[in-house]
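What follows are several structures.
Below are two complexes that have subunit A in common, paired first with subunit B and then with subunit C.
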Partner chain A sequence: MPLARPLLGWLAFAVVMCLVPVFVSTGTVRILVFANFLAIFAMSWDVISGRTGYISFGHPFLIGIAGYTTAMLTYHLDTPLWLSIPAGVFATLVGGTLFLLPALRIRGTYFALVTLAFMELMYQLTQVIAPKVTGGTRGLSGIPTIVSGAIPNYYLTFGLVFAIGLGLWFVLRTRIGAALAALRMDEGAVAASGLSTIRLKLFAFMTSAAVAGIGGAFYVHYLGSIAPRGLFDINFLFTILVAALLGGSSTVAGPILGAYFLTFLLEYLRPYLPGPERYVIYGMIALVVYVLEPRGLHAILRTGARRLAPLLARRRIAP
Partner chain B sequence: MTNILIQGLALSGLYALVAVGFTMIFSVGRVLNLAHGVFLMLGGYAYYTAVQVFGISKGAGIAIAVLAGAAFGILTYTVLVRRLEHNPIAVEISTLILAVVMQALIVVVYTSAPKSMWPIVPGVFRHEGVFVSHNILAAMVLSWIVLGGLVVFVRRTRLGRALRAVSMDRKGAVISGIDPHRMSLATWAISGGLAALAGVFFATYTQLTPGMWVAPLIIAVAVVVVGGIGSIVGSLVVAHLIGFMETVTTTLVAAELRGVFTMVLVIVVLVIVPKGLFGREEL
Partner chain C sequence: MQLRTDRALAPLFAALAIGVAASLAHDARAVGDPVKVGFIGSFASDTGRSTLRGAEIAIEELNAAGGVLGGRMIELVSADTREDVTEGIKAYEYLNESENVDFIVSGSIDDVSLGWFPRMAEYRTPTLDTWTSYIGLIDMVGEEYEKYKMYFMNIACDYALGTLYVDFGKDVLGKQMGWKSTVILQEDTAFGGGVQEFIAEIMEAEAGIKVLDTIVYDTQTVDFAPIYNKAVALEPDFMYLISSVNSQVPSSQYVKLQVPVAMTGINVAALGLDFWNDTGGAGGGISTLSPIPAVGMELDDSSKVFAEKYRAKYGDERPVFPHFNGFNAYHGVKNAFAAAERAGGFAPLDDWVREMENTDVKLYKDGEFWHRYAYFKPGEIEPRTGREFVHNIKFDLTPPYDDGAPSMVVIQWYTDGTAKVVYPPKYASGEFSIPPWLQ
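Moving on, here comes the complex of A and B:
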């Protein structure tokens, strides 16, 4: 596979996104910050679910571990951020291995359900166990932020999206990526060809957990607060899942695309539908796109480009 | 002790009613309906609208709720599930999206403010320091009647036997002249109706809010996973296991911990006995 063209694509993506804050309002930049976080979460979801086919309904669980770890460390112990964020990511890696436990025996529907149970358990635990430490139902607020202002936060989060995206792209275009895809199609065949499925799953889960952890930790230090409601929530899960699926699962560009698309879809519906109707239309669009093209926008754009290319080429020759 | 027994039985009856439709759909169509909680919510809101807004009698209100649930079940199957049936994961994801859409729709129509429902059977049962509302006792009795009827229906009637045939061996059923799609349609209609019925009682037990679909979905998942996905009797037993566990936890340990134990049970069972305690995948 030639490297030059995709790398050029990444470069173009970086240049465009770095210029964006110059042209748009601060409000839009703030929205973009959220889109960036969603992109990170969606990429993380895709590594485990899009690639290997182990559908996670418990991603907020992983995000929450990192978020709570770093929030509690900085809030109670005044731990510096350079220490608490890696600690949060490390805690998420431990959570990722917890996911591996059921994945050794079950997959598909059952795996999705057990991860859902993990999320629900975490929701209950944060409220019940040691509410003084976790902040209970109300959560913790007044957590230190890394940078302040919309534009610095934008560059910080976009830097994360870009680094994670490029990193994942490099790793997943290797034979490991192919092996993970094979795991999705036929796990028995992967085992039969002498690869360790456990190690492959461990790799996918760890990578996914690391990305979710980084996203979760930075997210908490962007918001400055954390609370169980809204975080361990099926609606939050829905947004992550739909961003990855709508953009195009099993690709790196797809989840990023889906995250920006979803966030802006919601924003651009605002002037026309100021009320709660917006969420109905938003969900309907997601549902229709998913049912009509389960491979997502990435596939739609790709097919579109392939169809358009000959037309454009012909025009160039014709005159 | 008597208190725990009665409350446990009542809660378990409600849980069994919540979970049974979810079980049926998986058993017949091999797909999970993550919009199951929404069916309950629709039942609750339909009853609320009929009885507390338009002032129709309670019996008619329940009938309207059940019909609304069945209609929505049929609609979900024909519009959405039918075309994705070959891919269970796609069904799960699309029904999850559907649930979120319906939640938004409920907010549009009824606002997000919680609505409290009048008890369907008012009054409180008092006996030697035991307090149980008549309402939840009614739910328990009703769930016994409904579930008993369902077992008879599945074992004794032609349609019920056809459903069982599809759930046991789809190909064999097709060869014997059963149309599995029509069976799935029937299952979705029954499941929707039962869920709506459960929803009416569930809403009087808790509250009517646009986010109320999550809790019954989690209950259905827990009951069905622990019982073994697809087994009606298994779900019945486990609904009692979970119902009693929650009642005991609430009265003897701490009310906040009841959900924790249920989730731990789900995780442990799925990891150790993935097929559930009564693991067979037929009705």
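Moving on, here comes the complex of A and C:
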């Protein structure tokens, strides 16, 4: 029965999230939609970087491949979404393979820099190669949306977060997850134990690419527009990284938590600090959290819950 | 072990509870009586601030006059885009979903406007743009009128700007200066790419000026010497700069390096009076295309009053003088409310759009027709280009510009720190000149 209680937890999470739109305004629901997308991107990044230790600075490259593929197919060829979105995800898997190639030879700082180059390359390519097809520097606007309105988009994106989160949780709690964690700690030891590090890396990179591809394709059809400066941007990359690290990397719940925290923090500060000052506050909070607990919010809340549990239990026992 | 896995999701629930509680507190804010106007644009840029301040002054005037739509006060809500596409979408959503604004005035750049454009169609919020000039937006309004009819562009679109600029190319760069070739220095932005495509396409065909090459540079470039060297090596008669971000850097370095080739083009930093200080007094000899009303341009009586109020209110805070979009925001907000008064409000949308299309405000300078705020209607053909510009501000591309203001003017900065309009002749108060070291 080790699965039963955590599965109940996931179920309760789904039920609560499904009820959220009943209690909050559509403005808040819109914020949650962006939080859901960020959660998907952060989970995707965490599969490569949090689990295997291969720090990716090029994740927008993977997200952008899917986004541009489905955007161009629907915008220029009127391809139905049920075809263009899988095509986008497939294109990202091909891109994920490209990502893997440098990881066969290098790691650490060098790998991070190569992935950053992928993002920059994609930024340039969308503008230089066939700008009439990619929309050049201005991108494409008027891309069809899957559903319209805050609440349908919320349920759609939460459905994706839930399915991806649960799927990753299932997979990563198996021996594969343990092997990936071992890869981060000592790749040589994993190889010496008879496991194929290449296969393990391929698995992590493909899983990450698939998640990024799904997120990217749906993201573009949510926005209704795509622009190179919006996707292949260092700020976008940092937002993904901060969400994963602030929430707690190497966990499934951490990146989701980080994404929700980050998005809500910035949006709730907006009425009080409409200008760039809110980014200073966000930076300071992120810094304080990370200095206090490098394992992120997930660990802070778990520690808090662990300390609170005996106190609550004692109160229940007391007459 | 079981306890640990059981608690794995506890943080999510805790965070969710905090989030929902915060949401409830946030959403409980009372919705008041005022008419809400949303500003969307960059707080950090001079152009963004110009639009914001233009809207602020217009709203202050309308409120001081007893309010609008039956004495209701206007409340301005601002949302920063940081000139970022996704932030722009979030800002547009925030103004509509959380603040329930009735009308939006935008000081967004091209790709940010393109980003929130689908949201505008979804919310059906009347929106007036004062900075974006991308014709693609105007074309979308024309092609899908029902979907995008709530959008008005209060600046001549880039196609109109370019068409009149080609006249400047023919009359001044070609005939007067005798120049036959150019090298385009283009910044790596959506705006830069769009203008480059247009200029490269028509400069030779229309003005007989050959484009030898286009050099694309990053907006963070701090050393322009290699770029200028590369351009000079191609031996053009002049260089055409397309710069909307950090334009003071290529400008001041051009002067300090005394680059031996003349330079004109689009230089957004040179559109404001702060340009002179930004370049450390090294902006003499720079000229730029500017939408109107421009710095250095003589103003109509009404805009003159606005400019005086602006200077009195904001003093030395930059931008010390409104950019063109500050004027367009000021007049645009007033015109949008005048249309709302005639239509009985911003809703129903069709009524407001109809009245906005009927807007026709003519502005005079010392009794002479000088500027006009009117909009092209669906099906209306602009005579010179033979095409539609649905909901673009009405411009006139043919002298004597009596059907609308010209789409642009060319400003010249002089070595004494003054700026004057040098083209078209009707609006000119100075002469086009090349930097002193080239004379």
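Assume the second predicted complex is superposed on the first by the 318 of 319 C-alpha atoms of A that agree within 3 Å, B and C clash if a C-alpha of one lies under 4 Å from a C-alpha of the other, contacts with A are read in each partner's own complex, and residues count from 1 in each chain.
One rule holds in what follows: a contact is a pair of C-beta atoms (placed from the backbone, for glycine too) under 8 Å apart; a residue touches a chain by one contact, two chains touch by 3 or more.
Values in this document were obtained by computation on a predicted structure and should not be read as measured data.
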Assess the superposed three-chain arrangement around subunit A: do subunit B and subunit C clash, or do they fit? clash
Touch test for A:235: subunit B only (first), subunit C only (second), both, or neither? both
A:127 contacts which: subunit B (first), subunit C (second), both, neither? both
Should A:55 be classified as contacting the first partner (subunit B), the second (subunit C), both, or neither? first
If touched residues of subunit A are counted for subunit B and for subunit C, the larger one: C
If we overlay the two complexes on their shared chain A, which of subunit B and subunit C does A:290 touch? Say first, second, both or neither. first
So, A:275: does it touch subunit B (first), subunit C (second), both, or neither? both
On the A-aligned overlay, A:114 touches which partner chain: subunit B = first, subunit C = second, or both, or neither? first
Identify the partner contact of A:6: answer first if only subunit B is touched, second if only subunit C is, both if each is, neither if none is. second
Subunit C clashes with which stretch of subunit B: 167-175, 203-211, 239-247 or 257-265? 203-211
On subunit A, the footprints of subunit B and subunit C overlap at residues 127, 235, 275-276
Which of the residues in subunit C come into contact with subunit A in the complex? 1-2, 5-16, 19-20, 22-24, 26-27, 43-44, 78-80, 82, 84-86, 89-90, 93-94, 97-99, 110-111, 114-115, 117-119, 122, 134, 136, 140, 188-194, 197
Residue positions on subunit A within touch of subunit B in the complex are 53, 55, 101-102, 105-106, 108-110, 112-114, 116-118, 120-121, 124-125, 127-128, 234-235, 238, 241-242, 245, 275-277, 279-280, 282-284, 286-287, 290-291, 294
State the interface residues of subunit A toward subunit C in the complex, per the touch definition above. 2, 5-6, 9-10, 12-13, 16-17, 20, 23-30, 34, 127, 131, 136-139, 141-143, 145, 148-150, 223-225, 227, 229-230, 233, 235-236, 251, 253, 256-257, 260-261, 264, 267-268, 270-271, 274-276, 297-298, 300-302, 304-306
As the complex stands, subunit B meets subunit A at residues 32, 80, 83-84, 87-90, 92-94, 96-101, 103-105, 107-108, 112, 214, 218, 221-222, 225, 229, 254, 256-257, 259-260, 263-264, 266-267, 270-271, 274
